[in-house]
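You will see two complexes here that share subunit A, one where it goes with subunit B and one where it goes with subunit C.
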Partner chain A sequence: MIEWTRKHLLSLEELTREEIELILDNTASFKEVLTREVKKVPALRGKTVVNLFYEPSTRTRVSFEIAAKRLSADVINIAAETSSARKGETLFDTGRNIEALKADIIVLRHSASGAAAMLSRHVNISVVNAGDGWHEHPTQALLDIFTLKEKFGRIEGLEVAIVGDIAHSRVARSNIWGLSKLKAKVIVCAPKSLIPAEIEQMGVSVVTDDIDVAIANADAINVLRMQFERDEADMFPEQLDYFKKYGITQERLEKAKKKIVVMHPGPINRGIEISSEVADGSQSVILDQVTNGIAVRMAVLFLVAQGAKKRR
Partner chain B sequence: MKIIIKNGLVVDPANNINEILDILVEDDKIVNVGKNLKNNAATIIDATNRVVIPGIVDMHVHLREPGREDKETVASGTNAALKGGVTSVLAMPNTNPPIDSRESIQILNKIIKNTAHANVFICGAITKQRQGKELSDISGLKQQGAIAISDDGNSVDNAQLFLEALKIAKRENILVICHCEDVSLSAKGVVNLGITSTRMGLRGISRESEYTRLSRDAELAQRAKTPIHIAHISCRESVEIIAAAKKRGINITCETAPHYFSLTEEAVWGYDTNFKVNPPLRSRDDVESIKQALKSDVIDAIASDHAPHTDNEKDIEFIRAEFGTIGLETTLAVCITELIHTGLLDWSTLIRKLCLNPSKILGIKKGTLSVGSDADIIVVSPNQEWLVDKNSFVSKSKNSMFLGKTLKGVVDYTILGGKISYQRPLERKNPNEVSCEPRARKTC
Partner chain C sequence: MHEKSKIMDKIGIQKTLIRIAHEILERNKGAKDLVIVGIMKRGAYLAKRLAKAIEDIEAVSVPVGTLDITLYRDDLSLISEKPVVQKTDLMYDITGKKVILVDDVLYTGRTVRAALTELIDFGRPQFIQLCVLIDRGFRELPIRADFVGKNIPTSQKESVEVRLEECDGVDEVVIMEQDDD
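After this line comes the complex of A and B, so read on.
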C-alpha cells in the first residue's frame, strides 16, 4: 500500500491510480463508520474545516459538512457571492484570511476553472476542490467510482457512458480522468455542440452523439444534469428535443445490459435528461451516491490532513 | 566620446559580416569596422568571446504610457529595453488615451522627449479609440511622427473600413500592422482550443480566429496594393498563408514572439496566468512550424509583444486575468537559448530577425553596424547562464512567462547613440579599460 503525501486534493488528473485506490479503500472504512450507532470518529478533532462556496450548492456543501463533523472537525460555512467578491476582496485574500483564522482545510467551490489550484499556491493550509468551473469535481467522481466499485466489485474493464453536457461539466472531466486511470472504458455522449475539442486525448475510448450507441454495451451510465440556463444558449438543443434524443428512459434501457447501473450527480431534472421511472427505478443508484459522498469526503478530508502533517 | 569595441564576433547581416573585428565609435556614429583598430582617446571594451551586434529593434512593445503608468512608463520600459539589448522600440497605441489623434500623439511625443532612455518610435491607431468604427486621423498621426498604424489588441472587423485604412496608409506611406483575430471565432476564449481548453475547462481560442482574419487582411492588402505586417503569428496555418501570400507577390511581412517558438500550450495547464497570452500558446506542431518558418524566412521578425500588467491584474482567477507577458528583458536570451544553442538558426539569421528586418519593415535607419550608421550596438555573452528572477526585472511589471527558467545569453553593454547606456553590473579594473567578468559582480 502506498502512502498518501498530498496536502491538497485539486483534481483527479494529478492523482495516480494507486492514490485513487487508496482513497477508495479509506472510503470503505469510513462507510462502515456511518453504519454504527455512534457515527463519529475523532480523526480530525481540533481541526477546522471551512466550506468556502462561491456558487450555490446544497448537496456538496452539506455532504462535506456532515463528513467533517463525522470526523469531529469544527466546520464553518461561508457562502460568498462571486459578484460581490468581484467588487471587493479577492479569492486569494479571502483564503489567506481563513488561514490567519487558523483553519486547517478550505473546501472550495468556485465558478472559475483552476480556482482551487491557484488558491493552493496562495495559502499554506490544505485546499480541497469541491468543484471549479468546468474543470474538475474530484470528490464527485470519486463517489461515482466508489459506487460503481460497490456494485461491480471492480472498475477495470467496466464500460461507463457519460451522457450530457460534457463541454461544461466538471463532473465529466473528473470521471474521465478517474475511470481511465482505473482502466475502465469511457464513452462520452452528447449533442456535437456539447462535446469539447480533442476530448479523446483525455483517455476517452468512444465519442458519440448517438445515445443508443453509447449505452449499447455499457455497464453504467452517468447522466449529467442539463443546464439550459447557461449563457451559451445557442449550443443547446430544445429541452423536449433533448429528452427525445438523449433522455434516459426505461424504453432505452430495455436495449441495454440488464444489470446496467444509472448514476446522476444531481440535482436531477426529471423529464429532461432522465425519466422519473428510471430515476426512481431499480437500476438507479442515485441515492447510494449521495450516501457514499459522505464516506468519500471523510476519506479525502482525513487524507489531506494526514498529508499536511507529513508536509509540515 | 570615443569607444573601441575590441575582438568581438561582429555579426552584421546588412554587410555580410560575421567575424572577429573591432568597431570604432565616435560621438553617435560608427566610424570604422575592421581589424586592430586603435585610438588613444577611446574607451576600450574588450569583447573577446562575446558577440557584437546591432541594438535590437523590438517592433511590438506596450509601454502603457499615457494612462497606465502603474504597469509601465516610457522611462521604465526603455530602461528595461536597454537591459535586454533593445535600443529601439515601436510603442503600440493601446494606451489611455489611445494614440489616435494629433493631440494624443503630441502628449506621447512630449513624454518620449522628456523621459525615454532608448529610441521610441510610435505606432498610431487605425481607428478612433481602436473601436473599429471610424478611422483615426492617419495623416495627422503620420505628420506627428507615427511610423505605423495598428489597432493592436483588436482587428478592424469591418472589412470596408479596413480597406479604406489600407488605401490611406498607401497614400501616407505608413505601415499597417495587423492584429489578426476574428472575435466571433475566438469567442471569449482564453487558451488554445483543443485538448488544452478541454482539460482546463476553459473557453478555447481557435486557430481559425487567427488565420482566417490573416487571409482576409492579406487579400485586402493585395487589393489596395499596400504593404502589411502581421503581428505575433502563432500557428501553422498562419505560417502557410503567409508563405503562400509571399509567393504570390503580396507585400506582406510578419513577426512572431519568443513564447511562440519556445513554449507549447502545456505550459499553461497549471493555471499560471503568466502563460495567458493572446494569441494563446499553441500545440507542439504549431511551435515546430513557427521554428521552421523562422529558419526558412517566412517569418521576418521576432518581437517581444512586451505586455506589462500589475500583480492585481495577473494574480487572480484565470478567466479574469489579463493577457500578456513582459519580454523586453528576456527576448534576446530566449532567442539565443532556443534558436542559437539548439543550432536552428545561425547568428546572422537571428540578427536579421531581431534587428535588420524590423528596421527595414518599419523604414527606419537602424539594425546595422555599417560605417556611418547610428552607434546602437550591444555586446553579448552568449553562453552566460542566468536565472530569470522576479526581482531582477527593471520593468515595472513582473509578469514574465520565463520566471524561474535558466536562460543563456546576457547583455554586457548596450551602447545607444554612441553612449554606454547600460552596462552589466561588474568590476572595473581601470578607468579606461572596462572588463567584463564571466559572472556579474558589484556595480561599478
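After this line comes the complex of A and C, so read on.
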C-alpha cells in the first residue's frame, strides 16, 4: 500500500491509480462514520477549512462543509458575490489573505480552468479543487467512481457511458481520467458539437453521437446536466429536441443491461437530460452519490491535512 | 532492528488467552452483558479469539466489535505507517454493556485513550475494562490494564511485536532491538 504525500488535490489527471484507490479505500471507512449516532470524529479538530466559491454552488459547497464539520474542523464559507472579489481583489490576494488568517485548507470553486493549481503555487496551505472552469472537478468524479465501486465491487472492466455536454464539462473530464486510470471502458456520447477534439487521447474507448449505441452494453450511465443559454428564444424546442435524441428514459433503458446504474451529478433537469421516471427509479443512484460525496470529501480533507504535515 | 528474543509462541498465546477468558468471566460473574471490542488491527483478532475462548467455557456467544482509532489520535503525523483508515465495526449498542477493550501491546497509553474517547461517542457502557496481551511499561497517561497476558520489562530502544496468524502467518511475540551504529 502506498503512502499519501500530497498537500493539495487539484485534479485526477495528476494522480496515480494507487492514489485514487487509496482515496476510495479511505472513503469506505469515512462512510461508516456517517452511520454513527455521533456523526463526528476529532480528526481535524483545530483546523480551519475555507470554502472559497467564485461560482454559485449549493450541493458541492454544502457537501464540503458537512464533510469538514464531521471531521471537527471549523468552516468558513466565502461566496465571491458578497466578498472583496467584487471590489477587484485578485484570487492570488484573496488566497494570501486567507492564509494570513491562519486557515489550513482552501476549497476553491472558480470559473477559470487551472485556478486551483495557480492558487496552490502561491499559498503554503492546502488547496482542494472543487471545480475549475471546464477543466476538472476531482471530488465529483471520485464520488461517482466510489458509487460505482460500491454497486459493482470493482471498476476494472466496467463499461461507463458519459452522456451530455462533454466539451464544457469538468465532471466528464475528471471522470474520464479517473475511470480510465482504473481500467474501466469509457464511452462518451453527445451531439458532435459538444465533443472536444482531443477526447480520445484521454483514454476514451468509444465516441458516439448515438445514445442507443452508447448504452447498449453499458454497466452505468453518467448523465451530465445540460445547460442551455437562457436568453435564446428557441430554448424550449431545443430542449425538447435534446430530450428526444439524448434524454435517458425508461424506454431507452429497456434496451440496456438490466442492472444498469444511472448517475447524475445534479442538479437534475427533469425532462431535459433525464426523465422523472428514471431519476426516481430503481436504477438511479443519484441520492447515493450525494451521501457518498460527503464521505469522499472527508477522505480528501483528511488526506491533504496529513499530506501537509508530512511535507512540512 | 533485529530480533532479540522470543517471549511467547503459539501455545503460549493460546494458553494466555484461555487464562484471561477465565479471569474475565470470574471478575464479571459470567458472560452476561459482555461486549468484546478489539482495537485494529491485532487487537481485533485477539478480541475474536478471546470471544471464542469465552464461548468454549460458557457455551454462550459474546458479541465482538472492532475499533479503528486513527480519527481519534492525538498525533496525526504518526499515522503514516497506516495509510488507510479501517472501518470501525460496532454493530451492538454498547450502552449499559460491560465492554472489554482489547489490544495487543500496552505502551504509552495513547492508543487506549483514543479508543476510550471513541467508544464513549458510541454510547454509555456500564463500564470498560482493558485487556492486553503484553504490557511493556513506559506509560505517558494514567491508564492501566485490568487483564494482562504478560508484563515485559523493556527498554525504550526495544519494541514488542505481536505476530498473529490472521495477518502475519505466525503466532508469536518477540522483542525487537535497535541496531547500534
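Observations on the model:
Note that in this section the second predicted complex is superposed on the first by the 299 of 312 C-alpha atoms of A that agree within 3 Å, B and C clash if a C-alpha of one lies under 4 Å from a C-alpha of the other, contacts with A are read in each partner's own complex, and residues count from 1 in each chain.
Just so it is clear, a contact is a pair of C-beta atoms (placed from the backbone, for glycine too) under 8 Å apart; a residue touches a chain by one contact, two chains touch by 3 or more.
Predicted, not measured: the structure shown is a model, and the values here were computed from it.
In the overlay built on the shared chain, the residue A:16 is in contact with neither subunit B nor subunit C.
When both complexes are overlaid on chain A, the residue A:305 reaches subunit C alone and has no touch with subunit B. Of the two partner chains, subunit C is the only one touched by A:33; subunit B is not. Touch criterion met: A:112 reaches subunit B, while subunit C stays clear of it. Touch criterion met: A:135 reaches subunit B, while subunit C stays clear of it.
Common to the subunit B-facing and subunit C-facing surfaces of subunit A is no residue whatsoever.
Within the complex formed with subunit A, the subunit C residues making contact are 68, 70-73, 76-77, 79-80, 83-89, 117-118, 121-123. Touching subunit A in their complex are the following residues of subunit B: 193-195, 197-202, 204, 270-271, 315-320.
The part of subunit A that touches subunit C in the complex is made up of residues 1-4, 22, 25-26, 28-30, 32-33, 36-38, 40-43, 71, 299, 302, 305-306, 309-310. Residues of subunit A that touch subunit B in their complex: 13, 90-92, 110, 112-115, 117-118, 132-136, 170, 173, 196-199, 201-202.
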